[in-house]
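What follows is a single structure, and I will ask about it in a moment.
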Amino acid sequence: MKQHLHDLLRARAGGDALAWLEKALAATTPPVHHNTLLGYYSGASRRMGKRALNLSQQEQARGETLDAELALSHWGADEAARALLLLTLAEQLPPEEFAELARRCYELGDSREQESWLRGLGPLPDCARFLASAVDACRTNIIPVFEAIACENPYPLRVFPEANFNQLILKSLFNGIALERIVGLEARLNASLSRMSDDYVSEREAAGRTVPTDIWLVLAPHIAGEGLVRVHRYLSHEDPAHRYWAALGLGHHANGESREALRARAALEREPRVKAALDGALARMG
Amino acid sequence: MKQHLHDLLRARAGGDALAWLEKALAATTPPVHHNTLLGYYSGASRRMGKRALNLSQQEQARGETLDAELALSHWGADEAARALLLLTLAEQLPPEEFAELARRCYELGDSREQESWLRGLGPLPDCARFLASAVDACRTNIIPVFEAIACENPYPLRVFPEANFNQLILKSLFNGIALERIVGLEARLNASLSRMSDDYVSEREAAGRTVPTDIWLVLAPHIAGEGLVRVHRYLSHEDPAHRYWAALGLGHHANGESREALRARAALEREPRVKAALDGALARMG
Amino acid sequence: MKMFDPHIHMTSRTTDDYAAMAEAGIAAIVEPAFWLGQPRTHAGSFEDYFNGLLGWERFRASQFGIRHFCTIALNPKEANDPRLSEEVIDMMPRYLQKEGVVAVGEIGYDDQTDSEEKLFERQMAMAMEYGLPVLIHTPHRDKKQGTVRSIDLVKSMGFPEERALIDHNTEETLPLVLDTGCWAGHSIYPNTKMDEERMARLVKQYGSERIIINSAADWGISDPLKVPKTVDKMREMGIPEVDIETIVWSNPATFFAQSGNLNLEDIETRPNINQTELFDGNSVLRGQTPIVES
Amino acid sequence: MKMFDPHIHMTSRTTDDYAAMAEAGIAAIVEPAFWLGQPRTHAGSFEDYFNGLLGWERFRASQFGIRHFCTIALNPKEANDPRLSEEVIDMMPRYLQKEGVVAVGEIGYDDQTDSEEKLFERQMAMAMEYGLPVLIHTPHRDKKQGTVRSIDLVKSMGFPEERALIDHNTEETLPLVLDTGCWAGHSIYPNTKMDEERMARLVKQYGSERIIINSAADWGISDPLKVPKTVDKMREMGIPEVDIETIVWSNPATFFAQSGNLNLEDIETRPNINQTELFDGNSVLRGQTPIVES
């Protein structure tokens, strides 16, 4: 990954930027002066620019062999440079010193630096040691920072314990962030998440408010009783988005209880996208 | 002073309050637990109440033999208790430990605690070591805290270097605090203060704004040239307060240049208070 | 009508807000210690924040004739860094003995993690030790579960229920709180959470006993006049004056008076405003024509 | 008319203020690091404050389509505690390399003490090292003397005058500043310091070259709309549009662009507002109907 990032930057950056980058990378040779490194970590936006990498097909293919779930194409040049800097540091420093310095890069970062740091977490060696910072980042009110850890990022899928993963999903729902943007969501569905989502729908309904349409994807799979009845109700909702996500969620339902409801709806459904979702769900149930 | 404060509190506080006070005083015996002491320092307002001591004539007389310039009668019971606590600590602790703990009492204090601390500075042994905190207190925007160091308090008179004393006077003028409330002001008049006050009047006049009437007390004594001409102009101002303070200030003028102006005004003046001030100023010049 | 806003973060609000609040009849407020929109990374920041609540902010309020009280705590959103939380907890006893402090709060759950629970419990114990009420924040996410867990903790610790105020209630959590001896707070927000009309409906259904409302105004889109606006709505919907007054004055005053640091007689009278002294370029009132009351 | 408020402390202001500013035409602001009404006692508080300026506050502004820049410094009011000032100065280089930082400031004199001067000088040297402009606060007390001393320091250090903005000018200090190559800022306050009409008169007398105006709004009685209000007054008094635009847009933009962190082309276009994502109970927009621009 280190080599890949370096190649991507070399293919894009101008002479001044590359010269700066090489100087920054040279500063990773021990003994490392931490404040200098923190300065380089900050300086990347100004020196490398923030344009997205926009990978070519060939570059994309190479990236996928290294990490199929990393959305490198959307990273800015500054973000790639920051990830490269940390990957290089990880090779140069003893693990504890590296972890301490990496954490300071996060804590002292402005929003863009924090976003870069969170996006670049996955490729770091022993990345689970940064779990506390990643979970803490989920508490932020700065939506782009939250998106950097929650969206198009495989780190939560791979490292977050269930409780933290569920909080991340709930916060995405609160913030109107499409659940499709969460990497590996279907692999992390769980009973608590269904229960929490169901409580959230109850709260919204009691307050006379609308419900996020994609909530059914995480609510339906482990729900029973009244909650399941409610999903079935939304399966016939006038908004096709509700019908679509309810069908998708029911497709992940642990038992076959919903087969009848799905069949009944499929018989009436006119919207092709929803129809496909209903058929898919029925097919999953076999 | 310690004994006097203790007696004043014993004559006023109820049984619960006194029991609390004795417990607090007992906590000053080394080894002192700093957080406990800080707790007692804070608790005084709640336990002793904030009513002013209102000294009897006899108490007043005794206080004046100890420190004629301390306005004990206006201190609250809580403030007296805090001063007593610090005086007792000063006897019990090595000087450095005492100074450190005393400073924390100030830094961690709410406004009332800071006011108490500032009012109680003068009687502390080697009180000049707290100059930095006292000067820092003058930067506050919380007017009652500023008043606690600036007004009815002999500490600035006794300890402040000229530059800090002048800033205190200027800030009092900005805040509309009557200069009469500053202890020993006449003993600290100086040329810089006259120059700074004169610049302030120029700034106010250029902005088309009014000027504090008592500024002449600190402006006039060391002024010459155009500044002196201006004081003479205000000596005939339609507001008698301006005339009064201009007369008083000119009475402190270093040379006799103003004698003619004072005499001319005295011949016209109808306001008895202003007339007395003019006569007094002329008498001072001999 | 004299009103009390028992939950408002004035540190993030302006003097224009203070002026409008005083004009609308708000005579007393409680500013709970919470977070500032972004996590702090040093215990020293908390010390400076607490000092600000007890010093500068109290003074700002006094300039508009508003009595300012505060609560002190390590809030749950910043309770997950063990280094920081130990230091903040260590400094709390110093603050809990100060006269402007009327409760330990906001404590409670945010993400409902183990470290939040540990600090929630420790601070409840401190409130018991210092004889103070507690202000319990309930989470935005998984609110009902968070409320149930908060109530369970109050009960399992034997914390006096009449000294616990559980805040940010909704239609679903209010009956759970009223089933206990705890008080129930409601944050009235522009367009979300609880609004004026829903609140008035809850009062119609449940009455005024142990019901408290607040604006929770802060650095987000919020409205420091939500208490008076909810009063208007309650009137419009025919709720008796005595119930309204109970909700917006007696209830919060009675609850926080349990701290021993809020005197019910004192707060009946508005403090004198003396703005004459405030001409400094650095004071809240920069040379405006002063208001003087004798 | 697009306007720039180059000195406003949004940390102490509300989202209502942001909304009103955007509505009035303010498209870019600079928030200088200053003090918060009460002295901080820990360097960690400054770190959290600087992080807030570069993170949370920038995000809040972006939600209203306003570009937020900041300046970083240890201000003179808090420059007298040697322990604290060393630590803050040590952390500054980390911040001076960040992209949102357009100057070192506010530096300068407050009480005009020796320690203020030492830190003023050190921070001027840092600005030279990092190629940044400086924002120089002039004192309220003994202002003229403080301005003269500030100008003397700029000259004696050989600091490039075109990169120094000397702020809070009055009738008496403006000609002193214009006699140098420095820029002259003016803080327009409600009822005091400089007001709209006096400002317009100064513009009539001295023109628009190197003249900058700001609201300096903060936690005191101040007005975040003083820039647009002064624009109205200047129009009313017959000052040509081109001069007005120079004062409220080109001048501050040109001055801060010298940092390399403010791109003149970028700020000509308003950033897209995307509020769709902000439904969280903890975001600035708590579930209000979102504004979406494409």
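Letters A, B, C and D mark the chains in the order given here, with residues in each chain numbered from 1 onward.
Quick note on the criterion: a residue touches a chain if its C-beta (ideal position, glycine included) is under 8 Å from a C-beta of that chain, and two chains touch if they have at least 3 such contacts.
Here the structure is a predicted model, which means the values were calculated and not measured.
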Farthest-lying chain, centroid of Cα atoms versus that of subunit B: A
Separation of subunit B from subunit D, taking each centre as the mean of its C-alpha atoms, in whole Å: 35
Residues of subunit C whose C-beta touches two or more other chains: 37-38, 41, 47, 51, 55-56, 77, 140-141, 220, 279-284
Contacts with two or more other chains, residues of subunit B listed in rising order: 107, 141-142, 171, 174
Touch-based graph of the chains, sorted into line, ring, star, complete or other: other
Touching chain combinations (by label order): A-C, A-D, B-C, B-D, C-D
Residues of subunit D touching subunit A in the complex: 47, 51, 54-56, 58-59, 93-95, 97-100, 260-261, 276-284, 290
Footprint of subunit A on subunit C - complex, ascending: 37-39, 41, 77, 80-81, 110-113, 140-145, 170-172, 194, 198, 220
Touching residues on subunit A, where the partner in the complex is subunit C: 107, 132, 135-136, 138-142, 163-164, 167, 170-171, 174, 196, 199-200, 202-203, 206-208
Residues on subunit A engaged by subunit D in the complex (per definition of touch): 35, 38-39, 42-43, 45-46, 107-114, 141-145, 147, 171, 174-177
In the complex, subunit C residues that touch subunit D: 12-17, 36-38, 40-45, 47-48, 51-52, 55-56, 60, 77, 140-141, 189-193, 219-222, 279-289
